[in-house]
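One structure is given here, and the rest of the page talks about it.
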Amino acid sequence: MQLISATLVQQVIQPRPTASYKGNYGRILIVGGNARFGGAAILSASAAVYAGGGLVSVATDAVNRDALHARLPEAMIIPYDDANLADLLQSMTVIVIGPGLGTDETALKVLNTVFEAVAPEQTLIIDGSAITLVATHHMRLPKARFIWTPHQMEWQRLSGIAIAAQTPAANQAAAAKLPGTVIVKSHRSEIFTPTRSYQNPVGSPAMATGGSGDTLTGIIAAFVGQFGHRDASILAAVYTHSAVADLIASDHYVALPSMVIQALPGYMAKMAAASAND
Amino acid sequence: MQLISATLVQQVIQPRPTASYKGNYGRILIVGGNARFGGAAILSASAAVYAGGGLVSVATDAVNRDALHARLPEAMIIPYDDANLADLLQSMTVIVIGPGLGTDETALKVLNTVFEAVAPEQTLIIDGSAITLVATHHMRLPKARFIWTPHQMEWQRLSGIAIAAQTPAANQAAAAKLPGTVIVKSHRSEIFTPTRSYQNPVGSPAMATGGSGDTLTGIIAAFVGQFGHRDASILAAVYTHSAVADLIASDHYVALPSMVIQALPGYMAKMAAASAND
Amino acid sequence: MQLISATLVQQVIQPRPTASYKGNYGRILIVGGNARFGGAAILSASAAVYAGGGLVSVATDAVNRDALHARLPEAMIIPYDDANLADLLQSMTVIVIGPGLGTDETALKVLNTVFEAVAPEQTLIIDGSAITLVATHHMRLPKARFIWTPHQMEWQRLSGIAIAAQTPAANQAAAAKLPGTVIVKSHRSEIFTPTRSYQNPVGSPAMATGGSGDTLTGIIAAFVGQFGHRDASILAAVYTHSAVADLIASDHYVALPSMVIQALPGYMAKMAAASAND
Amino acid sequence: MQLISATLVQQVIQPRPTASYKGNYGRILIVGGNARFGGAAILSASAAVYAGGGLVSVATDAVNRDALHARLPEAMIIPYDDANLADLLQSMTVIVIGPGLGTDETALKVLNTVFEAVAPEQTLIIDGSAITLVATHHMRLPKARFIWTPHQMEWQRLSGIAIAAQTPAANQAAAAKLPGTVIVKSHRSEIFTPTRSYQNPVGSPAMATGGSGDTLTGIIAAFVGQFGHRDASILAAVYTHSAVADLIASDHYVALPSMVIQALPGYMAKMAAASAND
C-alpha cells in the first residue's frame, strides 16, 4: 500500500485561476438527514462549503431546514421527497448520498430516486446508511463514478468480509468488484482504486467522535467538484480531513467536526501556497 | 474604464457624526429567500447589518424566520406574502429584491408588489432571479433609483448581449437604456452609470462560491443607506466587498460570505480612520 | 446634570461572594418579541445572560423559540399567551416589557397581564412599544419599581414634550410625574430619578444600529438583578452598555448588539478587578 | 472529606489509544428539554460532545430539534415521546435524565420509560426535575449504575434533610441509602460514594448562572463513557467543570455554560499531556 503524502495534497490544491466563477468549482448535492440524523447532512454540507465547493445544496427531511440555514446560509435546500429532486440531481457534478439518511422506506425511496437520475459522468459518493441499503437490498447499481466510504462494519455488510478478515489483499479484491473507488475508514483508512491501494498516514483518535465520517464526505465532494474526479483528488481529500484534525488535536482532546470544518480554508490556503512555491 | 480606488472608499466611509441615530443610516428591506434559497436573503441581510445599515428588515418566506433570527437577531422579518408588505415598503430608504427569490408565481407576485409600492426617491437594487423575472416577463419598470447587479448570464438575459459579446462598449450602451446603475459581476466587475464606466480592480477567485452576490447586495444597500445614493457609494461598496474578501483570502482558500460579513466592520473602521487622517 | 463615572461602575460591579448561587443574581423575565420583531427579545435576553443575570426567561411569541434557543440555550422560554405567564411573573425579580412587543391587541393584552401580575417590590422595565402602548392607551400604572427607557420619540409620546423641547429641566419635571426612573436615550442619554439627573458621558454613533436599545434593557435587568434596585445599578448599566460599545468601536465601524453582548463579561471582569483593588 | 486533585484528573484523562473509534468513547443519551426548558438539554448534550463523548443523542420535546441541530450538528435527536425511545435506550452506555425535563405528566412518563428500559450495567445520571419526580412520587428505582446530581434543594427533597442540616455526615448517611454516587452541588460540591466522600476544591461564583448544572451532567456522561464508570471518572468530571470555569472567570465576570463547553477540549488536552508526561 502506498502512503498518501502531503506533497500529493499540495499538487491537488492548486491556486485558483483568476478568471473563474463558482460554476467552476462544482455543483454538489448532499442527500441525507432524516428527522433523527439531520446533523449528519448539515456537517457534510458544511464541509463541502468550507472545503471550497462552488455551489452546495442539501436534499433532506424538511424538518432540517432551519438548522441548516442557521449554520450554513451558503447552502440551498430541497426536501428529499420533493418532486423536483430528480430534476435537481441532473444539474449536479457531485452527489453524496447517505449521511444521516437512515434505512427506512423513505431512505430507500430517496436512494432509488438518486440511482434512477444519476448520469454516468456524475460522481456519486455512497456513505453510511446508503451503503447498508445497497448491501441489504442487493440494489442494482447505476452507471456513475462511484466513491464508497464505508466504515469497517459497513464494509463487512457490503463486501461480505468480516472485520477481522479485512486484510488489504481481501479488501482490494472485494473493492475491484465494485465500480469506482472504495475508502475503508478506520484509524488508518485504506483507499482502493480498481488497480491500486493507498493508506492514509495521518489522523488521530481525537477524530473518534460522531460526525467525522459525514465531514469526510463533504470534503471529498468539494475536492472532486474543484479538482476533478481523479484518484489524486480523493486521496488528497482523505488526507486533508485527517491533517486538519491533527492540527486541532495538537491542543484539543477531541477534534470535533465543527472545528475541522472551520479550519479547512486555512489549511487549504497553506497547501495552495506550498503548491505555488514549487 | 476607470478603476475604483481605495482612496474613493476612504472618501465614502466617513467617521460618523456624533449626534446621529440609527434612522440616519438607512432603513433597508431585503426581499427574497423562498423555501429553497432562504440562505441568500439571510446573507444579504447580514451583510447590510454588518456594513452598518441602520435598520434592516427581511421580507421572505416565513419558513426562513428561525434561521434568520438565529443568525441575525438585529434584523426584523415579515413574510413576503403578508398584506402589510406594501405599507412596510413605503417606509424604506433602500430595497433589495432578488436574493433567493426564485422565479415562480410567488416571486413574480412579490416583485409586482415591490414595483407597485416603490417611490421615485427610493433605491431599488434588482438582483438575481428578480433580474431574470424582469427580463423574461418584459416587466414595466416603476420610477425609482435603480441599481442592477446581474452576473454575466443574467446580464445576457436582461441586455440581450451574449456573454462573449459583453464588451465594455456594448455593456455601456445597453446599460444606458436602463434606468440607474448597472453592475455586471465577473472576476473584475464593471459598473455602468448613465454616463461613465468603472472597473473593480480587487477581488479574487476565493470569492467564487455560493452567496457572494447576495452579500454584495447587502453591502450596497448599507452604503447607499448610510452614505447616500450616489455613484461613489455604489463603487465603494463593490470595492469593499472584494477588498475584504482579499484580506480573508490571504490565508483562506475560500472567502466564504459568512467570513466576509464578519470582517466588514473592521475593514470599514480602517477606511474611516484613513479618511479622518486626511 | 451629573456625569456617570467609571468609578461608579467599579463600585457597582463588585466581585461576587464565594458562597453564592444563581438565585442570588436575579430572576429576570424578558417580555417581548412578536412574529416580526423576535430578534429584539433575543438580544435583550442575551444581554441579560451575558451581563450576569442569574436566571433569564423570555415570554415571547412561540415562533421565536427555535432562534432563541439556538443563540442562547441558557435562557428559558414561555409563549407570551400561555396561561401560566401570570404565575411565572410572580417569581421574578426583574421584568422587562417591550423589546419587539409591537402595539397590536396581543401586545396590549400581554402588557395588561404584566401590569396585573406585577408586585410592588418587583422591578419593571418599560421599553419600546410598551411605552407607546402606555402613552396611547393612557394606561393606569400598577405599583412596581419602574424603569422607563424611551428614545426621544417615545419620550415625546409619554411626556407630551416635543423632541425639540426636551431640555433637561423639562425632562426632569416630566419624569418626576412618573413613578421610578426615566432614561431618555439619545447619543448622550439622560437619566432622571425622582430627585436627580445624570448624563452618560460615553458611547458613540457606532451604536446607531437596530437592537441597541434592546441590549440596554437586558443589561439594566441583569444589573438590578445582581446589584440591587438602586440608582447606582441603573447608572452603571447605562454606562457599561456604552463603554463596551466604545471598546468595540475602536476597531469596528459599527458596534453591533451581538458584539456588545459577547464583550460584556470581559468588561465586567475588568471593572470588578478594579473594584477589588481599591 | 478528601479534596479532588488536579493529579486525579490527569490520571483519568489519558491520551487516547491510536487504534480506537467513536464506539469506544461511549454512547450517551440526554433525556430532557420540554417546551420551556429546551436549552438545558442542549447544554447537557453540548457538554457531552465537547468533553469527548463518542456518540451523543438527545431525547427531547420535538420542538427543540431545530435549536439543537443549529448549535450541535454532532448530536442525534429523538422526540422523547417516540415509540422507539425504549429501543434506543438499550443501546446506550450512559443515560442522563433530567435537564429541563420538567415535572408534568409527560416528564413522569418519560422517566418511567427510562426506568423500565435501563439495564444494570448502564450508567443512569439523575438530574434536576428527575430528582424531584423520584422524590415526590417515591418512585421505585431500577437496577442501574446511578449518579445523582441534586442541588441543595433537590437534595432536601430526595434525602429529607433540610438544607441547613446538610452536614457531610448527614449527607453521607443519606447517600448510603441510595444506589450509586451522589453529588450534592453547591459552591463547593460534595461527592458521596457508598463508602467515601470528596469535596471539589475549585469553582467560583462566576458559575452561578442558569445552565451550569446541565453542563455538569454532560461532562460526567462523557467522562463515564470514555474513562469507564468508576469514582475517579466522576470526580474528575466535577473538577474539570469547575476548573474550566475558573480559567474563564479569570477574565470574565460570568463563566457561561456556552463558554465552559467551548473550552473543554483545550483543558482536557492539557490534562492528557500532563498525564502523558508522567
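Quick notes on this one:
Chains here go by letter, A, B, C and D, matching the order in which they are written, and residues are numbered from 1 within each.
One rule holds in what follows: contacts are C-beta pairs under 8 Å (C-beta built on N, C-alpha and C of every residue); 3 or more make two chains touch, one makes a residue touch a chain.
In this text the structure is predicted, and so the values were computed from the model without any measurement.
Ranked by separation of Cα centres from subunit A, the top chain is C.
Residues touching across the subunit C and subunit D pair largely diverge in numbering: under half of the numbers involved belong to both copies. Rotation angle, subunit A onto subunit B, C-alpha superposition: 90 degrees, expressed as a multiple of 5.
Work out the mean CA point of subunit C and of subunit D, and you get 34 Å between them. Computed from the mean C-alpha positions, the centre of subunit A lies at a distance of 48 Å from the centre of subunit C. Within subunit C, contacts with two or more other chains are made by residues 66-68, 70. Residue ranges of subunit D in contact with subunit C, taken from their complex: 35-40, 42-43, 46, 63-64, 66-68, 70-71, 151, 186-187, 204-206, 208-212, 249-254, 256-259. Considering their complex, residues 13, 16-22, 24-25, 49-50, 52-56, 65-70, 72-78, 264-266, 268-272 of subunit D touch subunit A.
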